Every structure is written in C-alpha cells, then in structure tokens.
Amino acid sequence: MYPFEAGLDYVRDGWYAAGWSRDFGDDLIARVVLGEPIVFYRDGEQVVALADRCAHRAYPLSAGVRVAGGVRCGYHGFTYDGLGRCVAIPAQAHVPPAYGVRRYPTLERGGVTWIWMGEPNAADPARLPDLDELGLTHPHFHVAIGGAKTWRNRYQLINENLLDLSHIEFLHYGSIGTANVAASPVVTTVHPGMVEAVRTIHDDVATPFHHRAVGIEGRMDRTTRSLFYLPGAHVTHVTMVAPGSGARYGEPGYFGEFRIVHLITPAGPHETTYFWAVTRTARTDDATTAFMLEAFDTIFDQDGVALERQERALIAAPDFYELSCTADEAALKARKLLRAAMRNERERTFSLGSPSEA
Amino acid sequence: MYPFEAGLDYVRDGWYAAGWSRDFGDDLIARVVLGEPIVFYRDGEQVVALADRCAHRAYPLSAGVRVAGGVRCGYHGFTYDGLGRCVAIPAQAHVPPAYGVRRYPTLERGGVTWIWMGEPNAADPARLPDLDELGLTHPHFHVAIGGAKTWRNRYQLINENLLDLSHIEFLHYGSIGTANVAASPVVTTVHPGMVEAVRTIHDDVATPFHHRAVGIEGRMDRTTRSLFYLPGAHVTHVTMVAPGSGARYGEPGYFGEFRIVHLITPAGPHETTYFWAVTRTARTDDATTAFMLEAFDTIFDQDGVALERQERALIAAPDFYELSCTADEAALKARKLLRAAMRNERERTFSLGSPSEA
Amino acid sequence: MYPFEAGLDYVRDGWYAAGWSRDFGDDLIARVVLGEPIVFYRDGEQVVALADRCAHRAYPLSAGVRVAGGVRCGYHGFTYDGLGRCVAIPAQAHVPPAYGVRRYPTLERGGVTWIWMGEPNAADPARLPDLDELGLTHPHFHVAIGGAKTWRNRYQLINENLLDLSHIEFLHYGSIGTANVAASPVVTTVHPGMVEAVRTIHDDVATPFHHRAVGIEGRMDRTTRSLFYLPGAHVTHVTMVAPGSGARYGEPGYFGEFRIVHLITPAGPHETTYFWAVTRTARTDDATTAFMLEAFDTIFDQDGVALERQERALIAAPDFYELSCTADEAALKARKLLRAAMRNERERTFSLGSPSEA
C-alpha cells in the first residue's frame, strides 16, 4: 500500500506505544495494534497484553472480567493467566496444556506502556527510542501528557507529516506557522534506525503563541530538530534563543525548549492511534501547561483532518503516482528505513520456511 | 464460513420461521431469508411469499401495492398473482406466460408462518419441528409471543449459544444464571434431524426470577432439555420440581415448566432474525406474562450483544482456529447435522447437472 | 455492470453538466464526475476544472485556497495555474516543467457549465445537445433552475426512468400521473446520438397540477416528447392544447408547453448527480414558478427514492435477468446507443496500444 509496495504493511520488530502508563489499571482495555486486537490490564508493575480473542469461540476477552491472576471470558468462562495460558474451563477438571492465547511483551518506560508486536525473543529494551531525547526522562524537561487520538489514515501519512514541517506554514498558519517556515533550509541526516532533520529560522518573529508559551518578546532564532525512531516514535525538538546568541540551557539569551513527543501506533491499514505529549523547560506552571495542551490539541486536530482527507484521496486513487520536492527529503529517508526494515522481516520469514534451511 | 467450510452457507430444504402468523395481514412485508429478499402478504388463511424483485426492472414489490388477487409493482405497474405469475403489464394486451417471480411454499402452524426455501416439491409439512414439544400446541402450555430480533451475526452462533447453556452462568449471571449451571453435567443425544441435551441441577437455589415467575420458595431440582430441530428451531424445556420429588405435571412437588421457543432464520451471511416465545404451565396471569416477556427480552438482548461481538471478532480473524471443551458436545453435534445436510444438498445439486444422469 | 456488460462504465467523449453556471464563483467546489474527483472555480468567464488531487501527496486541492491565477494546496503549498501546471513549490526555486495536474475542458452554454471527460482534442462544442430543444436558450421559454440532487444509483436507471414515462401513472399518481398515461402508445425514433419518444394522450383530464401550472380548465390533448442526447441530457417536452385543436404556439387552443431539462452526470458506479430545470411558455410569474419548482422537486424526490430502491435490489442480485415489455422500447434504444459509444471508445483505446499501429 502506498507509499510502500504491496505486501509491506508494518514493521513488527520494534516497540510501539500501547498507551500512556497512567491509562492502564485494573480495567480491561481493548486496543487494536498492527491489525491485532489486544486486551490490556495492569498486574502490579506490569501491564499484561493478550490476544483479545478467547481461544474457545473467539469472544473478545476485553468483554470479560478481571479475576485474580488473570482474565475470565465473559461468554463461557474460560480463564487465562498473565502469560496467556488457559488455567480454567468450567465443568472440566483438565485443561489441555496447549490451550491459551498469544501474549505480547510489554515494557513500562518514560510514562509509556510499550508493546512488542514481532518475534518475542527479539524484544530487547535496548531497542526503545532514546527517552531522554524524547524529553520523557530528561531532567530539564517537564512532561505534560496530551492524550491519544485515533485517526482514519495509514500511519505513514503521520510519519511524513511530522518529518516535513514545511506544512506548518500552510496547514497551521496563524498559530505556530509563520511565513518563514517553509523557506528555511533543512539539513537531514540518517542515523541507524533514525532520521534527523534540522531547520533553523534566524531572526523570526515570535508569534502570540510563542509569547504566551515561553514569554518571548520580539524576535528569536528558532531551531527545530525532528527526530524519527523506527518504528513509530518522533520528537519535535524546538529551541528558541535570542537572535544570534547561540545560547544553551541556563545561558543568557536562552528562552526555552520544547520536545513534543509523537508516538505513532498503526491500528490497521487505514487507522492509526496517535499518542502525544508536550515536554518543555520554560513556564511550567499549570496555567501555561493547560494553554500548551489546548494549543497543540487544536493543531493536531488540524493535522488529523488533513490526513484523513489525504487518506480518502489515496483510497480513491490506488494508482496515484506522486511527485516529490526538496522538502520531502527527511520523509523519503524515513520511508526508506521503514521499507528496508519491512523487507528484512519479510525475507527472514521466507527463509525460515525454505527447504535450504533443512 | 466458520464454523462450516467454504461453500456451505445454509440448509435450504427445511421449514424456517418467516414470522409470527399474527404479524401478517394485508400489508406488504419485506424480509430477507437465506439471502433472498421476499415480500409477504396474507391472502385469507394463506400467507403468500414471493421474490421481492419485479421481473421487469428489479424494483422491490414490497414497495408496491396490494391489489385484488395479488401485488402490483409500484414503479411500472407489473401485476403478479399469489402464485407469482405476471398477470398484467400496463399498455400491453399480451403477457408472455413465462413472466413471473419465484413463489415460496408457506405453512401456518402453531402461530408461526413457516417458509420453505429449498426444492418446492420437497416442502412436506411432516418436516416441521414437533410443535407440541415446542410448547406452541401443547395443551398444558400457555403461549406468550415475545417477538422478533434482528442480530448482526451468522445464524450458527445462535444455534450454538442455545445448545451450550454453560454460558448462562457467565453471560446471564444474576438473572437465570446461578453458580451451579456450568458445573452440572449434560447428557447429549442425537436423533434424526435433531439434537437433545439434558442437564439436571439438583437442589439448586431458586433465584428471585424463579420465585416471581413460578412461585418457588426455597430450593428446586431443575432439568433443562435443549432441543434443536433442523434447520432452525429450538426449545429450551425447563422443568422445576421439589428436590428429590421427581414430580410430573399435576403431581405434588411439581412447580412448573417452561418451553422457551427460539426460531432462527438466517437473513444473510452476517445477519439473522430471531423469533422467540415463552410458553409455560405455571402462573399464566397477565402480570406474570408481562414479567416473563420483559425478563427474557433483557436476557436475549444480552445474548445479542455478545453474539454481535463474537461475529465482529470472527470477521476480523478469518483464520481463527477454535479450541473446544466438554460443554461443546451438543453444539458440535448440531454443527455436524447441519454440515451433513448442507453437503447432501450440494451433492444433489451437482449430480443434477452431471452428464452421467443423461 | 447492469444493464451493460462488464468493462463498460461510462461514455467519456461527451459533454456532461458539471453544474449550473450560477453555482461557480471564486470558491473552490469539489465534485466527482465519472469517478474522478474534480475541483472547480470560476476565473472570469471561464470555469476551471482540475483534478482534485495535488500531484505531490494527493491532498485534495479543493481543501486549499484560491490564489491569483490559480489554486494553492492547503497542505504543503504547491500552487497550480488554470491549466493545471504547477507554478510554485515552497522553498524551491525550480519547478520541474512536467509537474502538474490534469485539466478538463469546460464550456459555458445555456446557463450550464459543461465538462468534457474524454480525449481533450475531441472536445467540440458542436457535440453539445441542442440547447434550443432543451428550452435553455429558446426565445419562447422561460427558464427556472431547479437545482441538483445526488442519488445513490447508477446513472442508467435515471436515463431509463426518463425514457419510460409509463411509470408516471404508478410512481407519481395523483400529481402529474393520470390513469391514461401508461395506456397511450408511444412512437420511438432513433436519430444520430439521440433517442426520441413521443406519446400523445387525447382528450385527457387536466389534473389540479395542470390547472394551477398552465391554467387549463376541463380537458386537453397532451403530447409528451422525451428526448435523450448522448451522453447525459434529456428534455421532457410537454405540449398541452385544446382537444382536437392541434394548436401551435400563439394559436387559439394553445394552452402552453413545458421543456423539463434533466442533466445526468455519473459520479461513480452507484452514485449520480441530477441537475434539473423547468422551462415553459405559460404563466411565468414568480408565484407559478415557485409552485412549479416545488411540484417537480417533490416528483423528482419520488423518482430518487424509487431509483435508490432499484439500485439496492440490483446490488443484491448481480445475476438479475430482466424481462422487458413494449414500454421499454425507447429505454432499450438509448441503452443501445450508450453501449455502442462505450464499445467504440474501448476499441479505440485498445487499438491505440496495439502493435499493428507501429
């Protein structure tokens, strides 16, 4: 499916955000990740993630009840433990040992519940994105969780939206967009499993937004670093300093920084969950936090409307042949990373089944 | 389609409920049965069932008008008699004799309008389910019609729901479900064209429901006979007696009986119409009837919600591989009956068209 | 798709109504024609029609903004002129000359904006329907535009509805339908690119509608000429005169004429836009105009409801085998014209690509 060739859908070996840690508790939560329905619940420190489909008659476990040590199906009472093993069948003494549902590895880090959708043995915490860079665990940054949005568009449209900020001038004009954004050059670098795009706007006007959010009067140098981590984490790192000062944290001329976190979790071919948070160094009082969350909520809703329009246009034109421009460099490089990862996983799958392995 | 192999959809040779007889009158009623749109109207004692699609330009006859002796299409005025023959075309003296629409055999019995969707010559009233067993014509039983529900799930999920009453303890806990239901053993017997599953719960507690509905104080022995008749009739026959009494109708210790009637008519691959009635021997006053109908309406709505959830899960997982347990015995035997009937019909269709018949 | 064979969808070489000229102004208007999303805007005398899909990332241009000389995409700011050429890409000095979107020929005639969906070189104004016959430019006729309706049915159902007015007696009984309509014979003639069907009802009763609309007391001879012009224009030309008078415009016994205009523009396989106007010679005061528009609006809504019912029936019965009657003659002849035109276009497409051309 555009922009990938037929047969490539998702990178599976990678950590995706299942949600914000604060959202998981005793209640059963149903969420679709990479096309697979999953039921979540918290068991102490751990969030359990099981296939949301009873092995007996496919009833969703999320419509059942939480019981000591696990979950019981709400239809015929099959009970599963936190490893997905069936531990009780009503009116039956013996439970066959193979009975069970798939369990997915999870991890709690940086206020996020992460889930691993690929080969369980490869679920290595070292493959998480850099949570300091995201601002989720960085000592200078104050984290305010925005929430989750569900959009009816393929995930890659969000990835590319976040990596081509030239759209800010058009889609978000009047809030964070100024007439200088699209015209400023971008330097793009590919790191292993990661793409970085940096744009510096010199001596730009501080919009009313920047005035209220950071307290900037007059003009600023604004540097935006957009980082993408395979398979679905982004940070938009904005540093605002006095023009020409080159100031760093704590130095004179330093106004403040944002690290806006975007966690992109594909739900299905045409649906994606988008988790976002605002982290920042300046004006961390509650009133400003509320202002920031509301401002970004509005901005991201503009993105959602646009991406759903784009999705409908793409569905209506399966043979769409795109044309690209300079501003697409970072998005095309991220696309290349994702494509390579998907092709690797596909080849590995094929080779596992090939006779030459015998 | 699960749980049957590809190519098997419905048993066609069999009587399905088209509706309750009381619902058919002069008005044209549209209903889809086994994927086929049908228009119904009453002509005296007889309910006429015709393909709901004018032979001229496919306009639904149910959007037309009832005329003397038949129905007239609301678009260009083609008129059909009760046998489906086209008897008038406006501005045309001659109607070609072959012009017409399919007519389906119907039968009025036990307050139900039955329709035969298969080979018309095979439409034998002897193939109706036992209406005395259903309680619809039994002298001891008072019939209260519940109505009809349309659920967005394949019919077989309802058949299996009714044949595995272990779900009562989980899905209907607090009304008819008690903690003893699933644990009580079931004896399953296959008869020609029929499956019977009997569960006796000894010395069970009478719930507030049983107290109100039958007047039972204290404890009871409760025997539940679930009967399934090909292709789509069920009765849940519940006998409640004093513990250990083994009492029969009229004897000391006899509290009462229910024969809950469930008539399952597939509308399409993912939609089914469910007709139900409550028949019983005890407390047949109007207030108790109203209580019973409301109680079962609530219970069956719980089933509907659950089965629609199950359907959506199955649609999302076309390769679902189920695991079964002891409690599935009756459902699996009914499935086997249905599968055999469908395979027989398919083979007969093929052999009719084979050259070796020449 | 019924009633055409698989592979035939639309006639492309022909003028379709894009809308009423009065509806196009500075605003961007999105409309789907023959399955293709198109953005329209007025540029002076000319209405510009461009593919509604930015060549960059498929964003709908209709969600962008009108700028001097063209339209700018609302996502990343690509700008197009009225010929569909990309003339500006933000932050990029050079625009590759091939960058652009498809532009469709348009024409303003008779108060209608016409669009040509086929081979642009063949877009000849001589292929417009006869606008005098339609009553849109005829000196005796006063034009009142009805508007546009979007119906969820394939276009051919509307074409055939308009060419078989025997339906008036059944579908529109009580307004324009009388008991004599279907019984009166029709004379059908095929002209190049056109079908004509004439029905004269002698000494018919003037309905309250005819009384109010034209001022007829008592009886009338009513002649209805239904003209269909390839690919999607109809006029229903009704002449009402004193019985036996044979009167023409201005002569004694002449009551009046209508030329009801119907412009049929396929949107997709199951959706059509229907543009309509009422033109007439009698009682052209505003009150009567309002009465006429309201009356026909009601009548055409009856058609819309019926055709959407027919569409759903056809979708449910892809193997429907129709039976025809005398009254279908004109509709079948129009079908033949359309089929021939579609086959010609298909053959031309194939021959363009065949090696024998080399």
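Letters A, B and C mark the chains in the order given here, with residues in each chain numbered from 1 onward.
Quick note on the criterion: a contact is a pair of C-beta atoms (placed from the backbone, for glycine too) under 8 Å apart; a residue touches a chain by one contact, two chains touch by 3 or more.
Computed from a predicted structure; not experimentally measured.
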A CA-based fit of chain A to chain B gives a rotation angle in degrees, as a multiple of 5, equal to 120
Please tell me whether the contact surfaces of chain B and chain C are same or different in residue numbering, using the over-half criterion.
different
Distance from chain C to chain B - Cα centre to Cα centre, in angstrom
48
Two or more other chains are touched by the chain B residues none
So in the complex, the part of chain B that touches chain A is made up of which residues?
160, 164, 166-167, 169-171, 182-185, 306, 309-310, 313-314, 316-317, 320, 322-327
In the complex, chain B touches chain C at residues 37, 52-53, 55-60, 63, 72-78, 86, 89-92, 96, 99
